[in-house]
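In structure tokens below, several structures.
Common to both upcoming complexes is chain A, partnered first by chain B, then by chain C.
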Partner chain A sequence: MAVAAETTKWSRRRRLTWARAGRASVPYWLILPVVAALTAILGYPIYSLVRLSLEHYTLFELIQHHGQYIGLKNFSSVLHDQVFWHTLLRTVIFTVVNVGATIVGGTLIALLLVRVSGWVRILVTSGLVLVWAMPQVVAVQVWYWMTNFQNGVVNYVLTELHIGNYFEHDWYQTTFSQLGLVTALIVWGALPFVAITLYAALSQVPGELVEAAEIDGARPWRVFLDVTLPILRPVLLILTSLSILWDFGVFTQPYLLIGQAHINPSNYLMGIYLFEEGYLKTDYGRGAAISLLMLVMVAAMSVVYVRKMVKIGDVD
Partner chain B sequence: MSSRVLRRGGWNTVGIVLFAVMVFPVFWMISTAFKPDDQINSLTPTWFSTSPTLHHFADAIHTPFFWTDVKNSVIIVLITVAIAMTLAFLAAVALAKYRFTGRKLFIVLMIGIQMLPGAGLIIPLYVVLARYHQVDKLSGVILTYLTFALPFSVWTLRGFIIGIPKELEEAAMVDGSTRLGAFVRILLPLVAPGLVATSVFAFITSWNEYIFARILLNDQGKQTVTVWLSYFLGTSRHQDWGALMAGSTLTAIPVVIFFLLVQRRIMFGLTAGAVKG
Partner chain C sequence: MRSRIFVAALAAVALGVVAATASAGVQHAQASKITVWLQVDAQSGWPDVVAAANTQFQQDHPGVSVDVQYQNWSDHLQKFDATLAGGNTPDVIEMGNTETTKYMAAGAFADLTSYKGTFANSSNWLSGLAKSGMYGGKIYAVPYYAGSRVVTYRTDVWKRAGINKLPSSLAQFNADSKILAAKNKKVKGFSPVYVAGTDWYFAMSFVYDYGGSIARTHAGKWIGNLNSKASIAGLTAWKNFFKTASKAPATSDETKPAPYDVYSQGQAASIIGPGWFSCCVGAKFKTTTAQFVMPSHTKGQPMPGFLGGSDLAVPAPSKNVALAADWIKDFTSTSAERSLQAKGNIPNATSLLGTSVNERAAARSWFVPAAKHWVDVENGNILRNMLAQILIGKLTVQQAASSASDNITSVLNGA
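On to the complex of A and B.
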């Protein structure tokens, strides 16, 4: 009797454990397809990237499906290349200028949106969303047309506004001017997201706080620094990290706007450098070394953003 | 009081100027697309054409491979979105409804992968896909698009599923439904708008994608619309700005329409939690 009771208890407990184990495995079954897919299409290529970077791998090896192990030679070749260091420096400056302009411009637009009448706010926001929706490749073509030296509208407007004589001015002559155009294009395209996100955050700033500060005689600049900025800080941090990551790894806009014909080591950005050196010159091993260096830099820069987002994702 | 009105008027003026500057490139694209050639090539620009024409659109549509490339883009995008949504939905349910060991690592991966620059991945993806004869095939492009569509969809869908009150699901279970029954009858209809929004956004990202399509598809009959547009000027001897802008307008139209539909629902995905939308 006692023995029988003991066995039923046991078997019930075992059944419970099994049921619990079954239930506990559910989330793993649910994430399995995504994990398997990403392992195959991303994990395996990244593993190959590491291997490639240690191999002599050109078009010949690609056809043979077999690289030749050469140790760290690709890395030492890249790190001893002046072009790499110049490109890195240029990309860092480019990123700082682009991110700075995007964040400052976006903040100013957001502050403006708080101050205008309702209908102007709707007008500006709709305009921003329209710009935001423009595909990058389309935006590049429009930019290219607007800055055409013969009958581009930018030259006409600048001349008409007496900013200078821009008649038949060629914007694609110097590196500075080329990257300046790319910057204008990128900032134009990035402003809407930043401005609208910051405006949403600003609308959470309690009006009474600002008013109280103003009654206390605080100047607008102090109000911004002491009341508004602290509330915006978390959002600004996320937007800045995102912009850094996007601008550092940028490819489409500089590649298409500067154009294959005008691209050369003097105007390389990181993404273009590895495209030219690795893909176009079919030196995949060396290209892999550059890619790996670039990915490591981006991973290091994304720590702030990822940590912040994971904290949010982990809580709820 | 009057100084306040005046200041408001000043800000409004700044706002209107800002609107004009920001929207101008879009306006100029559409305006050029409808303008006759002599007005486009004149040294003094015509702001609004009084004699609009559709012939640039006809030219753009009749360039070689336009329809083939549109078809390729549609096929790539639809398959990418279908696969991404199916797989990602399951993972998003796991993230939203279960706590499990490794959950944090999974979240890190989903966010981290989205931050990888596409340029950094072209070499390994090209070499691996070439090894499996996936270069110049739409399937190869679909696989590369899944690398960003999957993590993005998992992360965004998770946000939508969390938004559904647990009580609704529990109420259904008390009424005698199984967990699966509760899921199908309660959760799915509530998540549907989120599914649509996420699909549309994945659609837009894939439609706009350029770099992978550029390196993986060299055969002219296998390219996507963005690659078609990027080569547009190269294919004509003189620079046909009207047709280029018409082609640009055509490429942008589906994206703009879809974007306007879902922008409000999606925009906070990237900054989720930092701003309460």
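On to the complex of A and C.
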């Protein structure tokens, strides 16, 4: 089909007049401001970032407003840094767990929303929107209180339920526990968006299709896999990709919940590693190099996503 | 994504450069305003001293207003870095005495050597503070005030436990802690002496008390010294004390929660920290709170405490160095320092020292290594991480100290 469109375009081109050429160029004129704006707000900073990454730029150079060109030394120092690779691995695992939990949890809530009665749906949706509306910093503080060593409500409830003695349980003692809390916080905060979006997508699933499948004797799980899931796929793909982008570079929640006093190389995530190396150690050149490496990784992930999107478009 | 912040920072840099060059042409001889960055301590503790300095300054310089902006310890350096990049720095900035070296080395501050004579008591400045404001023989920062760490305790609780004499040695303090713990078993989460697990200011006092140190210099290089015999002995004594005295989680730090909050809720018989902790012990305990000097393991001596303090500096890009120096003069006048002293701080000069518990505690003190990269050791939480590992028991004192020591060596030498 694409090939057919291509040939008709070519045969028409021979008959182009000036007026037609003018009209044909209108879309390009319309898109020009956007391209110009993107170049200005994205292109120039990225150019500066690249330049900064090739310079020795610390506090001294910051005051002089002038860096010293050192080629690829920042990149090689980052790539030879054990901490970088450990952090990358930790961040990848962290992202997989967070995105997985967010998408699965969101899907389950969305499926639930379809089945419950009207007032329950309103109640659940309101709850979700409230979670969604809570600023990240406030949420972090609430979670911090809930997990307080002596007075945390989580510790209290777990102890009262006889799950164990959680009075004076230190949730911030191990990296696993620290990042576990951060995961819980991030998934909790991300669920509403995923659930509500998927709920909207589910309303696109034609009831007749499901009914037909059920009449044909398909079990609920099969109906979900063969009827519901294919229709949800484009939306799921977008949500998964967005979640990966968000969770891979996450900063606010881990930095604030774990707390500056407990951030150290054993619990770094990429965003925090970048902050520590670039800002706290005031080595901006190195920070720029890390940031560019992250940019490349995220761009690589986005390529997969964009290609899939294009393929889905073709099928339609 | 983090790169976005970088992009924003870069854009800010670019804008700042443009603004700086644009405004350079229209600089007037007399500014109409100077900007002062002070830490929140002044806002909550002594706003009257700030107001008095401003009044004096405005009498001397009619038409020049003072814009005092209060900053937090946790992020004031990042904010300052951003203004250095943009060229819109404040005219006066308060710096912690552990933070100054890196900035002086990078040329971030204006040379104030020629103004020294104008500052009150400048020939008697506390040496610990004065040193933190000097680099290469020049003065870049003026001592503001210092503070030592003392034990703040509940006289009623101690008396009820039958302790009538304050401990004069560490061993005695340990024994008293056990008695206090036994007598207050019924209070949930009660600490005889609450200190945070990763309060490194406190833990390092033990290291210095036993003759150890954080780092030493050898042939022009820094060498981490926490793995020395004396340092290990200090860390072991600290661990023993913590285990008997404090119920704080191993990973807690001295700001979350604030020790005086634990105290004011009745969950501690004593707390250890800056002398001004007495400010916030709660109305209920105001009359039954007193302070004493933390005892050394050597009977009759105080344990060396961290001499924390603040300096005032003028950022190099400031266009109002003379005005800024004049404001600093007003803010560190003898009467201003006396007011700070009255609030439980240590004034900036030996000639002003009194006999308060805070000032007696300062008789023996220690200070962080005067290395350009020290602040990276602090920000990298190397010490905190070591302390937490020791308390959790993941590593022995020896293992944790060795690994931290290697780390400190590499950071201090700029690796």
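Everything that follows uses one rule, which is that the second predicted complex is superposed on the first by the 260 of 316 C-alpha atoms of A that agree within 3 Å, B and C clash if a C-alpha of one lies under 4 Å from a C-alpha of the other, contacts with A are read in each partner's own complex, and residues count from 1 in each chain.
Simple rule for what comes next: a contact is a pair of C-beta atoms (placed from the backbone, for glycine too) under 8 Å apart; a residue touches a chain by one contact, two chains touch by 3 or more.
Note that the coordinates shown come from a computational prediction; the quantities given were computed from them, not determined experimentally.
Trainee: Report for A:281: first if it touches chain B alone, second if chain C alone, otherwise both or neither.
Mentor: Second partner only.
Trainee: In the three-chain superposition, say which chain, chain B or chain C, touches more residues of chain A.
Mentor: B
Trainee: Please indicate which partner A:65 is in contact with in the superposed arrangement: first for chain B, second for chain C, both, or neither.
Mentor: Both chain B and chain C are touched by A:65.
Trainee: So in the superposed three-chain picture, is A:239 touching just chain B, just chain C, both, or none of them (first/second/both/neither)?
Mentor: First partner only, chain B.
Trainee: Looking at the overlay, what does A:137 touch: chain B (first), chain C (second), both, or neither?
Mentor: Touch partner of A:137: chain B, not chain C.
Trainee: Please work out whether A:251 is in contact with chain B alone, chain C alone, both, or neither, and reply first, second, both or neither.
Mentor: The answer is both, since A:251 touches chain B and chain C.
Trainee: In the overlay, answer first, second, both or neither for which of chain B and chain C A:110 touches.
Mentor: In the superposition, A:110 contacts neither chain B nor chain C.
Trainee: Between chain B (first) and chain C (second), which, if any, makes contact with A:263: first, second, both or neither?
Mentor: In the superposition, A:263 contacts chain C only.
Trainee: Scan A:194 for contacts with chain B and chain C and give back first, second, both or neither.
Mentor: Once the two structures are laid over each other on A, A:194 reaches no partner at all.
Trainee: Regarding the shared-chain residue A:123, is it in contact with chain B (first), chain C (second), both, or neither?
Mentor: first
Trainee: Can you list the residues of chain A that touch chain B in one structure and chain C in the other?
Mentor: Comparing the two interfaces on chain A, one with chain B and one with chain C, the shared residues are 42, 45-46, 48-49, 52, 62, 65, 144, 150, 245, 248-249, 251, 270-271, 274-275, 278-279, 287-288, 291, 294-295, 298.
Trainee: Considering the complex alone, what residue numbers of chain B touch chain A?
Mentor: 7-8, 11-12, 14-16, 18-19, 22-23, 25-26, 28-29, 32, 40-45, 86-88, 90-91, 93-95, 97-98, 100, 102-104, 106-109, 111-113, 115-128, 130-131, 143-144, 146-147, 150-151, 154-155, 158, 162, 207-208, 210-211, 215, 226, 229-230, 232-233, 239, 241, 244-245, 247-248, 251-252, 255-256, 259-260, 263, 267-268, 270-277
Trainee: Across the complex, what residues on chain A touch chain C?
Mentor: For chain A paired with chain C, touching residues are 42, 45-46, 48-49, 52, 58-60, 62-65, 144, 149-150, 167-168, 170, 172-173, 245, 248-249, 251, 259-264, 266, 270-271, 274-276, 278-282, 287-288, 291-292, 294-295, 298.
Trainee: So in the complex, which bits of chain C are touching chain A?
Mentor: Checking each residue of chain C against chain A gives 1-3, 6-7, 10-11, 14, 17, 74, 78, 81, 84-85, 87, 102-103, 105-108, 188-189, 198, 247-253, 255-256, 267, 316-317, 376, 379-382, 384-385, 388, 392.
Trainee: Touching residues of chain A toward chain B in the complex: what are they?
Mentor: Per the stated touch rule, the residues are 24, 26-28, 30-31, 33-35, 37-38, 41-42, 44-46, 48-49, 52, 57, 62, 65, 109, 112-113, 115-117, 120-121, 123-124, 127-146, 148, 150-151, 153, 156, 188, 191-193, 196-197, 200-201, 204, 234-235, 238-239, 242, 245, 248-252, 255-256, 270-272, 274-275, 278-279, 284, 287-288, 291, 294-295, 298-299, 302, 305-306, 308-310, 312-316.
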